[in-house]
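Below you'll find the structures, each written out as C-alpha cells.
One chain, chain A, appears in both complexes that follow, with chain B as partner in the first and chain C in the second.
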Partner chain A sequence: MRTFTILLQKEFRESWRSFKFLWMPLLFIFLGISDPLTNYYMEDILNAVGNLPEGFSVTLPEYAPIDILKASTGQFQSLGLIVLVITVAGMINRERQSGTATLIYVRPISFMALFMSKWTAASALGMISAILGYAGSLYYTSILYGSVKFIVFMEMVMSYCVWILFASAVALMFSAMFKTALATACTIIALPVAIMIESLIGQYWHISPWKLADYSVQLIAETNNEYYLKTLLLTIILTVLAIILGILFTRKNAAATKI
Partner chain B sequence: MAAINWALIAPLLVIQAILLIVALIDLIRIHATNGPKWVWAIVIILVNIIGPIVYFIFGRKTS
Partner chain C sequence: MITVEHLSKVYGTEKAVADLSFTLEAGTSTALIGPNGAGKTTALSMLTGLLKPTNGSVRMENVQDIRREIGFLPQYPHFYPWLTALEFTEMAAKLNGVPSRHAKKQAESVLDFVGLKNDKFKKTAAFSGGMKQRLGIAQAIVHKPKLLVLDEPVSALDPVGRREMMILLKQLQQQSTILYSTHILNDAEEMTGQLLFLQKGRLVEQGSLKDIRAKFDSFRYKVQFSSKGEALHFASQSPWPTAVEDCDVFIEINENVPTMQQLMSQLIGLPFSIEKVERVTMTLEEIFMKVVGQ
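Showing the complex of A and B:
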C-alpha cells in the first residue's frame, strides 16, 4: 500500500509538471462549450461564411437540452477521447524506452502497485476533464436552451466516468503490452475507431461498452433502457479484465526496459 | 446580423489564450523539443486550440 501511495504521488507530480492537468481539462471545457455556442449562433455563422444565395432560407431545428448534451458527448468521444488515450497509451512504455523505468524496476516494488498507480492517475485526469467539460456544456445549455434536472445530469456524468475508467484501463493495458507506436495504434483502433464502427453497424446488438456513453446521455430523457445496467456491468467486468492483463504484461515486459 | 454577446464567447477566447501562452512559455523554457523549436512556435501560434495540445503531447521531450 505504501509503494502505491508513493508511486501515485510520483504519477501526479509528473502529470502536473507536463501540464496535463492544465490542458486536458481546458480541452474538454472547450469541446463542451463549443457545441451549445455554435448551434446557438448557427444562423449568424451561415450568414457570415456560408456564401448563401439571395433569398435562401434554412429552417434550423429547435434544440432541446438533451440534443446539445448529446452533441457535446460526441465531441468528447471523438477528439477528447483520442487525445486522452494517446496520452495514456504512452505512460508505461515511454518510461521503459527512456530508461526511467529501470530506476523503478530494480527496486522490490509490486507491479500491481505500479500499474494501479498509473491507472488511478490516468483515470483521475480523464474524469476531472470530463466532469469539467460536462459542467461547461451544462452551464451553456441551461443558459441558452433550458435546464436539465441536476440528479439525472449527475447520473449521466457518473456513468460517463465509468466509461473513462474503462478507456484508461484499455489504453494502459496496451501501453504495458507494446512499444509506443504500436500501443497508440492499437488503443486508437480499440476505442475511438471502435466507437465509429459501433455507430455504423451497432444497431444489431445492444450490450457493448462502446454504447455506454450513448446510453448515459439517454439517462437525461429518463426513458427506461433495459440494456443499460447490463452494459454498465459488462463495462466494469471488462475494465477489471484489462487491469489484470495489464498487470501481467507489465511484469512480463519489465525486462524490455532500456538500461 | 445580430449583435454578438461577447460575454458568451469570452470563455472560448480565454481558454485559447491560456493554452497559447502556457505552451509558448513552456517552449521557451524547455531545453530541447522533438524537432526544431521554431516550427513548434509556428504550430502553437497558428493552429487554433489543437496547436498547443499537439505540442504538449508530441513536442515535449522528457528525459
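Showing the complex of A and C:
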C-alpha cells in the first residue's frame, strides 16, 4: 500500500506539472457546453453567417434535456475519449522505452502497485474531466432546455465514470503489452473504433461495455432498461480482467526497459 | 557476501551470459571487464533483478529480497524530467523502504555528498550528463545498499566529469561493496580489487589485480633513444628479442635474462644518446588482450 501511495503521488505530480489536469478538463468542458449552446443558438448562428437563399427557412427540432445530454455524451465518446486514451496508452511503455522505468523497476516494488497507481491517476483524470464536462453541459441544458433531476443526473455521471474506469484499464493494459505505437493503435481500435462499430451493428446484441455510455444517458429518461445492470456488471468484470492482464504484462515486459 | 552461481541468460539459441559464477566479499570493489557485447549489461541486469536469468541464482548473505539491498546506476540514467533532484531521490529512498520521516533528510544528505547541494531543487530536465550521473549515484546510495551495481559509470562522461566521478566512486568504496562494469581499463586499474574478465558471455578470467598480473604480466625493459634510426640499429644488434616502437626498444625479460646489469653493459658501448631506460609492466589493456587471446 505504501508503494502504491508513493507511486500515485508521482503520477499525480506528473499529471499536474504537465498540465493534464488543466487541459483535459478544459477539453471536456468545451465539448460539454458546445452542444447545448450551438443547438440553442443554431438559428441565430445561421442568420449571422448570412448568404442564405431568399425565402430559405429552417425548422429546428425541439430538443429535450436528454437529447442534449446524449449529444454531449457523443462528444465525450468521440474526441474526448480519443484524447484521453491516447494519453493513457503511453503511460507504461513510454517509460520503458525512455529508460525512466529502469530506476523504478530495480527497486522492491510490486507491479500491482505500479499498475494500479497509473490506473488510478488516469481514471481520476478521466473522471474529473467527464464530471466537469457534464457539469458544463448540465448548466446550459438547465438554463436553455429545462431542468434535469439532480439525483438521476448523478446516476448518469457515475455510470459514465464506470465506462471511464473501463476505458483507462483497457488503454493501460495495451500500454503494458506493447510499444507505444502499437498500444495506441490497439487502444483506438478497442475503444473509439469499437464504439463506431457498435453504433452501426450494435442492434444485434444488448449487453456490451461499449453500450454503457448510451445506457447511462437513458437513465435520465427514467425508463426501465433491463440490460443496463447486466452491461454495468460486464463492464466491471472486464475492467478487472484488463487490470489483471495489465499487471501480468507490466511484470512480464519489465525487462524490456531501456538500460 | 554476495554469491553468484551459474548465472545464464539465453535468447533463443544465443547465450548472452553463460554459467557466470563469482563471489563478492563485503567491502570490496570488483570490475566486470569486457568489450562491448560481452554480456556485462545482461549480467548486471540479472543481478539487479531487472532480467530473469535462464539459469542460476544470486544470493546475498542474510537477505531475503535482494532488491532491497542493491543500488543500481545504469549506463545512461534517465529521470522523470518534471521531478526535481530532491523529489526523485526522496521517492527512490521511500520506494526502497526508508521511512517517510527520514527519506527527505537522507535524500538531501546524499545529494550533498555527490555535489548537487545547490541543484537539488532544479528539475532533472535541466541537468547535464555529469549532473545526471551524480544524481544517478545519489539515487543508488540513498537507501544505504549493501551492494552498489554500476553499469559503465564513467564511459559517457567528458574527461573532467570522468575524473570527478572517479573521485566520488573512490569515496564510495569505503562504504559499500561495489560491482561495476567497464570497458575503460584504466578506470578498473585505478579503483579495483577484483577483476572479472567477460568475453562472449563467459567469464574467462577472475582474480585480484595482483594475481592476474602475476599470471599474465610479462616484464620488459624499455630503452628510449633519441631517434628511430638509433633504436632500429640497437634492435638489429641486440642479443635478446626486441620490439621497436618509434624511438623505443622493448626487450623481453625471460627467466630474469637479461638482467639490468647485462643490459646496461650492452648499452654503455653504444655511440648513441640514450634518453631513458626503465623496467615496464603490461597495462591492464595489454593483459586483457592477452587473456582473451587477441
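A few comments on the model shown:
The criterion applied here is as follows: the second predicted complex is superposed on the first by the 257 of 259 C-alpha atoms of A that agree within 3 Å, B and C clash if a C-alpha of one lies under 4 Å from a C-alpha of the other, contacts with A are read in each partner's own complex, and residues count from 1 in each chain.
The working rule: a residue touches a chain if its C-beta (ideal position, glycine included) is under 8 Å from a C-beta of that chain, and two chains touch if they have at least 3 such contacts.
Predicted model only: the values in this text are computed from it and were never measured.
When both complexes are overlaid on chain A, chain B and chain C end up sitting side by side without clashing.
When the two complexes are overlaid on their common chain A, residue A:Trp23 makes contact with chain B while staying clear of chain C.
Of the two partner chains, chain C is the only one that A:Thr257 touches; chain B does not reach it.
Looking at the shared chain after the overlay, A:Glu62 reaches neither chain B nor chain C.
In the superposition on chain A, contact of A:Glu226 is made with neither chain B nor chain C. By the document's definition of touching, both partners, chain B and chain C, reach A:Ser98. When both complexes are overlaid on chain A, the residue A:Arg13 reaches chain C alone and has no touch with chain B. Within the superposed three-chain model, A:Glu54 lies out of touch with both chain B and chain C [touch as defined at top].
In the superposition on chain A, A:Leu37 makes contact with chain B only, not with chain C. The least CA distance from chain B to chain C in the superposed model is 5 Å. Residues 18, 98 of chain A lie in contact with chain B in one complex and with chain C in the other.
Residues 2-3, 6-7, 9-10, 13-14, 17-18, 98-100, 102-109, 254-255, 257-259 of chain A are the ones touching chain C in the complex.
Within the complex formed with chain A, the residues of chain B that make contact are 1-2, 4, 8-9, 11-12, 15-16, 18-19, 22, 26, 49, 52-53, 56-57, 60, 62-63. Looking at the complex, you find that chain A touches chain B at residues 18-20, 22-23, 26-27, 29-30, 33-34, 37, 40-41, 44, 47-48, 83, 86-87, 94, 98, 136, 140, 143-144. Listed in rising order, the residues of chain C touching chain A in the complex are 41, 45, 48-52, 65, 67-68, 70, 72, 74-80, 82-83, 87, 91-92, 94-97, 136, 139, 151.
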